[in-house]
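Structure, as structure tokens:
Order of writing sets the labels: A, B, C and D. Residues in every chain begin at 1.
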């Protein structure tokens, strides 16, 4: 039996290890390294109704052991995704989770409708992108708006809906409950913290957009705490992410309450991290004599 | 002329370099290393109306390049502070900033009143301690309560009031504006992020209190971003902190908008960091031909 | 007085490769004033961030050196094991209170478990210098993971227990101590894993016992209040400042 | 094909101590397929977190080696400079598109500024192999900070400019190029600091020009969209994927 079989309600993956949106393109860029069908799923780069060129560079910088990015949701738009990216992606033999963003509630409804097509396994709804001027972050910090987005998406698709939460809030449990009542099937968390870095020689912010999303190892303790809190607050499964670099990190998220995990920034450091984690979780289970990883979901709550 | 002379409204320090509450005791523990009168000021360990034994150990752990702590505001109570700690502290030749906490608004008023005595240079009001069950964090996340605390303290003392903000909020600018209108003379920021770490062998949270305050280098980008935002939102000076380990870090905070800075976790790594920073800022000013560090406060906003 | 100095490493040799190392450091200031049972806070590299508390194993005031005996557990001690002679080591110390050292009427007993033996050697040397007769009881998991016995056998009568019986008596130090007339000793000193200390606490009415404790440390200087341990009176004390050595009767191991 | 392999370092020698180094690495897979102008993403140590993009300086398919020429700027390149022969190096590559290499009717011109000369050497070798005649113009800040001239002088006529005039002509490459009949070249290739590239762009109507750009990179694989540069048509392209080599006419340096 497959110890890693992963059931997130009506959404199923062969294992709980995915790659995070914006860090893996559509998968194509990583095909040379390994067979993508080994992955539980791929969360593709954020898609919007229209093409977006993205922010002016410098868009990314390493700082404090992590990175700050402000890509600005650069993408070809949903039509481009459907016509030019999805056809190849759906041949990879893994779940294709499409990450969607919008600047209005209607945008989200439109995106959900357009993407209710063959080849799309689930929709991940980004209500928390800090890099977009219009709306982006408000959806992710106001429980009522987050509820509305979830509901709008729900009404426009029968695909599994993953609502992606922003960590930049006072009370993450309330946000989680809001999207659960709005109709979310799954919660993914966390998106990036908002951060900044300054060049003291130039006396200027390093990122052209001034602020950006902070990710990588430094955000792990915050992400874990939030997964732990949300696990207690909702009844839908969680896909945990934020600084996962190895098996131990992944196990921490699972024990905090995540039913699946996602590797983001880690893919830049070593593309094989997701594969190593799949192996590593299996080894951990063997060592502990466990027959399914589901036995340790939320184990730290006992 | 002293290039580092620091005027925070009515509160003056010989230089803008302080040490953060909870990381330097009352100063006594660091006396062997250097003359404490070199420091701009000492923010002493948090004090409460009554003695508190603090949380059960394990109270601290290193994780992800920073540390998580959950001391639980262990302290001897305000009487003990006044009788046994302050008499020595006021001989150090530096500003003694007393960090106060309470579990009710009245507590804060009481503390402000009790500490309106000779030897206390300013009060730093901790409304953001994540480690206390009763209230602690709510004061720091609700703008109305933060306003009430500031006002209560203001009504009970004529000492300069430093309101210390928690980063665990959706909108830090609103919190800053609330304490400014409540009567704060100065804002200090940030307190710790809330984080967690799990022992995957024991399948248990490592910190006995489950969650704790996350500090050190990993929180710097978040702290800088918040200082940058608050600088634009208020007219009172900011004491910046969060992961400051060296001169470059300190300069980044000053350029983001801090009029003074504080070294916290850094004191555990190298007690001389505050002294090195004083030297380092002077050198930077010399290299740039500047006559006062105030010329670079908020420089990154231009 | 507490110093923060760059000591020069004189030697850093494995006693058991990848497991236990002995490092000798030239550091006059600390050697001058260190007392048995005190410890150092060592910066082992850029990561981990925190310094690591390590006991002083031996002090040579004349040669102006201090030694440490350490076991590789994780990233910090691994860093230590990779350092080479002539490199500098950033050390804060000496820290904490020490063991009581004086001339006793009757014998003293040293009880060590695993790497907990580290602070006992310098103690034994000083007790001997003060004219005491010493017995030593050490526990390890096996013969292959036992070490530094040659040092301790120089101090007095040494008895060893191993969990698997591959050396000495089979079992923990309990297997040895249960046969001892503890009241024939004026003083006992112990350091080792918590289960051992908990067991020894049950003997505290039979012999005057000092325990050296461990706790996770932030500053090592008494400032952060992270390293506390529970006292029988319900208060917490700082292992780095009021400890690491406590009278057994002061300490509580209850939850 | 892109590989992630552990190459074995054959040598890593300073050309100028603490400043510029040449490293030769045994890495068959990458040597087999690398084209001039392509680069590597190298994990230099546990910190920095990100890999560092470094151009391929020379490829020896027979010896199955690749070389890099790099300047120590910060923590990543410092780590590189401390590596020793026989150590492993975690490399991803070859990455990006390369320069156009073919037989031209007339001469080719290589223009390099500072460490920007790195990708031009392998290009020069390949152009020469294809039967081209080459001229090389290199700019440095001073004689003391110039390097690898012996390599380039083997490729063809080499002219050097230094800012302080301590070697060759005083000034930037502009001081040399302003006296050139650029239309006598069929092709020019350049890599160097942005001011140099901006200047060269003003010459793009006189000669067919390819520029190798730099940008801050997250992944180096085309996935993160961080490394973009502005095109004349207002779009952004990825330096790591559509670049680092672009036609000068494609690229816009306007804000």
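One rule holds in what follows: a contact is a pair of C-beta atoms (placed from the backbone, for glycine too) under 8 Å apart; a residue touches a chain by one contact, two chains touch by 3 or more.
These numbers come from a predicted model, not from an experiment.
Asker: Tell me, which chains sit next to both subunit C and subunit D?
Answerer: none
Asker: Looking at C-alpha means, what's the farthest chain from subunit B?
Answerer: D
Asker: What's the distance between the Cα centroids of subunit A and subunit B, rounded to whole Å?
Answerer: One centre to the other, that is 34 Å.
Asker: Using CA atom averages as chain centres, what separation in Å is found between subunit B and subunit D?
Answerer: Computed value for the inter-centroid distance: 48 Å.
Asker: What is the distance, in whole Å, between the centres of subunit A and subunit D, each centre taken as the mean of its C-alpha atoms?
Answerer: Once rounded, the distance between the two centres reads 36 Å.
Asker: Which subunit A residues sit where two or more other chains touch them?
Answerer: Counting only residues that touch two or more other chains, subunit A contributes 65-66, 217.
Asker: In subunit C, what residues contact two or more other chains?
Answerer: 47
Asker: Between the chains shown, work out who touches whom and classify the graph as line, ring, star, complete or other.
Answerer: ring
Asker: Any two chains that touch count here, so list every such pair.
Answerer: The set of touching chain pairs is A-B, A-D, B-C, C-D.
Asker: For subunit C, which residues are in contact with subunit D within the complex?
Answerer: For this pair, the touching residues of subunit C are 46-47.
Asker: Enumerate the contact residues on subunit D facing subunit A in the complex.
Answerer: Touching subunit A from subunit D are residues 1-4, 43, 47-51, 90, 92, 215-230, 234-236, 241, 255.
Asker: Mind listing the subunit B positions that touch subunit A in their complex?
Answerer: That would be residues 63-66, 68, 141, 168-171, 193-198, 200, 203-205, 210-211, 214, 217-222, 224-225, 228, 243, 248, 251-252, 255-256, 284, 296, 299-300, 302 of subunit B.
Asker: Looking at the complex, which residues from subunit A come into contact with subunit D?
Answerer: 22-25, 29-30, 32-33, 45, 53-54, 56-62, 65-67, 69, 71, 74, 216-217, 265, 267-272
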